[in-house]
């Protein structure tokens, strides 16, 4: 059954490319996305009872490829179909003539779903290559942005990193003689720990690059802010591409249970979050601010995943969803703003609330959600993430949240003021109805994620979670204090210039820098695991 | 029996080839070394007991080299109006820069290598799936070639994605290359082939085509298969280009043909393998059914690969070069 | 039979060895092309004949002979293309004084 | 640790060295090809012994050491994936040359910074 979740989008993609009738294509696009979303919901409710296992071809033993859908995988599949449905609505009118766009979009969806469902080590390699190649082509097939330097770097780094991964899989295959993760897990747990170090380090290098961890984070934000690339693709990068790295991290942490690396990844997550915030503060490009903020949030999620306790895990899982929704909301809304204002410079966009009221309100919703304001999705996730931590970590995470607030105070400047002459003349400002629908749906989802938060957590993870009043008030106070500090800081100090700028310029690697840091990450892993054992 | 000294000699040459590529500055020579390297790789695969991959690598190496040559040629042609100086003569560099640019990366790489070799797990190789594959494949999937059985039976799911990636590549090249139209309109005349060339290539083209078909049809029995056969059929079209020197293939139709073939191979795989049809058929018809399935699947993959690489070759050689 | 075929194969490799030495020794383009064609045709063909003799009359020999046919047709053509391209692109035999034209 | 594995890792590292020191963009693609070959050789060397024969045809009945068919099938897939990605990369590079005729990483970075770097350039006709 699970194979059809992967095969169906791909088959539809080919059909979309081949059908000559325009109207039939349009209908097929929207119907197919809706049907996929409903099917993913059905899958999720099925997996609440048992894990669904599909052996491709019904071969006995572990000879064939085995797909497994547990609750985690089903949740990610649901998120994927939801995001793709919304992106489809968003670009329905804009891209209606482009066959290639729809073809690639559906294939990308199939690759993501396959990545979340498969539990075969080599299949992950193939699907990751497909997804990065499709992403690169989607960003660059248009004439205007064909010669993008960052797109080239993105594809090359991904390919090289996947070679590291493949080498790691080779060592694992040598040790376990199988490619299925569950079966490998059984054998790996009987092996001596010292024999696992090299495959572990190689695979973790690849995952760090996929989930934009510290030394390997510079190329993902830039690829999201290629000037004329479709903003919907950038939103999907933030919502799913980075998250797929985190998902793989969870899977491989389970596989390498023998190697306990929570401390290192905790530190890595904190560093990534801090550096991501610093980078976001120094940018002037709106899209790039959002993209670097994704890095910071990925670091935060990494911290949450490595904390102890059920609540932290649930919180970071919930944050994956709420961040995907709010960040894609911000990206899509920003895309509409850029279209009207014709610039990406944060200094030049002013008065969005006045010129584009609906979009402005949606941006406000997104900012509130991502900074963790009460009644919004981000609040619930951050509440759970910080529910059980000790004091130093609590302070660190509050500081990271303060950083996020600083970034978004800077971002929120586009909302106020008076729009420039040029924009004011464009009366009435034309807004694509489909795009507006998409972002309104997303902001409704942001709100719903907060209002029905505890209920949703119970539904998604089966954890009985209630937000206690005392804790809520405590968090609210911290949040208000953070906002106040953030406002004061931005009022009296001009952040993002001077020292911070110099530091980020230093850390802003090119292609060779990224390759060197790949090797450095590998060495770090090997030495740390070798020494700490 | 394969003698081991030969394998080690080839591997030593292989490493040496990589070093040569590393040391070489001139683009043309890099291309030649790359081609030789790919041939050596192919030989090494063969000596490691894997003729299927060897064949695939040999054919792929030729095509990749063509693409690289076109890329270099274009670069050399465009570079003239670019201002940057290439290949600066061996001027005196300060020692510090030399340390930073050569020694430090070398040390870094050496550290990585030492760590990798130190932590290399080694020990006994676990291979209990291997014996299962070797004893069961004839019954489960059919044919006499275990590699093709895995490629088309046990792991056909992977194969579909690989075919998909090739489709995406062809579409990307067709849409991303310089010219927006899918069909080239202007005919640029290159060096006209001589009489000898035409006669020989004509004769060889037929042999190549036959060999490609042979590989596809016999893919489940001996080495070879859809992918390798498809590459040879694409080579037939390359021969056609060499003789006629014009770009007159209907690229758009080929693209559609490729997509249709891909879609139908997905359908076949779904109906035969994913639904587990081999378990529901009566046992006496099974071998014939399996044979037919493998030939058809190989044929589909072959056709798709042939279409794809023909399009790639024509795009690169006739349109990208302009 | 075994001995004869071995001798023939060794002769072929000796041809190839001389060819390789020749490429290193001669510096001019035309001489090098001559030597390459020697390796291609004489060396390769001799080795293939040796291999065919070694296996006697069998299906394998048939395939080897097919390979021999292809070699005999293709290898001279390759040399032909190299020299012809050099000629067309303005290479002058008279000026060839044996410099290293790399 | 067998010598084939060492050779594969050596080539892997040679190409890694090339990637971190190489100046040209096309050479980086060449090194990627080398890296792929190295990984493939490593896979094929898993379980290799002297006198291993291919897992097909008549060998299956009498031969003693038969090669592991699974890595071979995987590596055919890896070869195809590799060539597909390499081709996309070459196409992208060629599109890049047409705009900025350079293959130097630093130069290319500088040039693309002018074009798409910070948003200091006003009035970009953004589509989107």
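Just so it is clear, A, B, C and D label the chains in written order, and each chain counts residues from 1 on its own.
The rule is short, and it goes like this: a residue touches a chain if its C-beta (ideal position, glycine included) is under 8 Å from a C-beta of that chain, and two chains touch if they have at least 3 such contacts.
A quick note: this is a predicted structure, and the numbers were derived from the prediction, not measured.
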Point to revise | Of B-C and A-B, pair with higher C-beta contact tally | key: A-B
Revision key, fill the gap. Of all chains shown, the one whose Cα mean is least distant from the combined Cα mean is D
Check your understanding: So which chain is the furthest away from chain A, centre to centre on CA atoms?
Key -> C
Point to revise | chain A and chain B: spacing of chain centres that average the CA atoms, whole Å | key: 33
Exercise for review: Could you grab the centroid distance between chain A and chain D? Build each centroid from C-alpha atoms only and quote it in angstrom.
Suggested key: 26
Check your understanding: Roughly how far is chain A from chain C, going centre to centre by Cα mean, in whole Å?
Key -> 58
Point to revise | For chain A, residues contacting two or more additional chains | key: 122, 126, 129, 133, 137, 140, 146, 174, 516, 519
Point to revise | Contacts with two or more other chains, residues of chain B listed in rising order | key: 105, 108-109, 112, 116, 120, 122, 125, 127, 129-130, 133, 154-155, 158, 162, 165, 168-169, 172, 176
Point to revise | Residue list for chain D, restricted to those that touch at least two other chains | key: 16, 20-21, 29, 46-47, 70, 74, 77, 81, 84-85, 88, 92-93, 95, 98
Review point. Among line, ring, star, complete and other, which one matches the pattern of chain touches?
Key: other
**Study point:** Chains that touch, pairwise
**Key:** A-B, A-D, B-C, B-D
Check your understanding: Given the complex with chain D, which residues does chain A contribute to the contact?
Key -> 94, 122, 125-126, 129, 133, 136-137, 140, 144, 146-152, 155-156, 159-160, 163, 166-167, 170, 173-174, 179, 226-231, 283-286, 288, 335, 338-339, 342-346, 348, 510-512, 515-516, 519
Point to revise | Residue ranges of chain D in contact with chain B within the complex | key: 1, 3-7, 9-11, 13-18, 20-21, 26-27, 29-31, 33-34, 37, 40-41, 44-48, 50-57, 60, 66-70, 72-77, 79-81, 83-88, 90-95, 97-98, 101-104, 107
Study note, to complete from the structure: The answer for chain B against chain C in the complex is residues 29, 191, 194, 196-197, 200-201, 203-204, 207
Review point. Along chain B, where are the residues that touch chain D in the complex?
Key: 1-2, 4, 7-8, 11-12, 14-15, 18-19, 21-22, 27, 30, 34, 37-38, 41, 44-45, 48-53, 56-57, 60, 63-64, 67-68, 70-72, 74-75, 78-79, 81-82, 84, 101-102, 105-106, 108-109, 112-113, 116-117, 120, 122, 125, 127, 129-130, 133-134, 137, 144-151, 154-155, 158-159, 162-163, 165-166, 168-169, 172-173, 176-178, 221-223, 225, 227, 312, 320
**Study point:** In the complex, chain B residues that touch chain A
**Key:** 105, 108-109, 111-112, 115-116, 119-123, 125-130, 132-133, 136, 140, 153-158, 160-162, 164-165, 168-169, 171-172, 175-176, 180, 256, 259-260, 262-263, 266-267, 270, 273-274, 276, 278-279
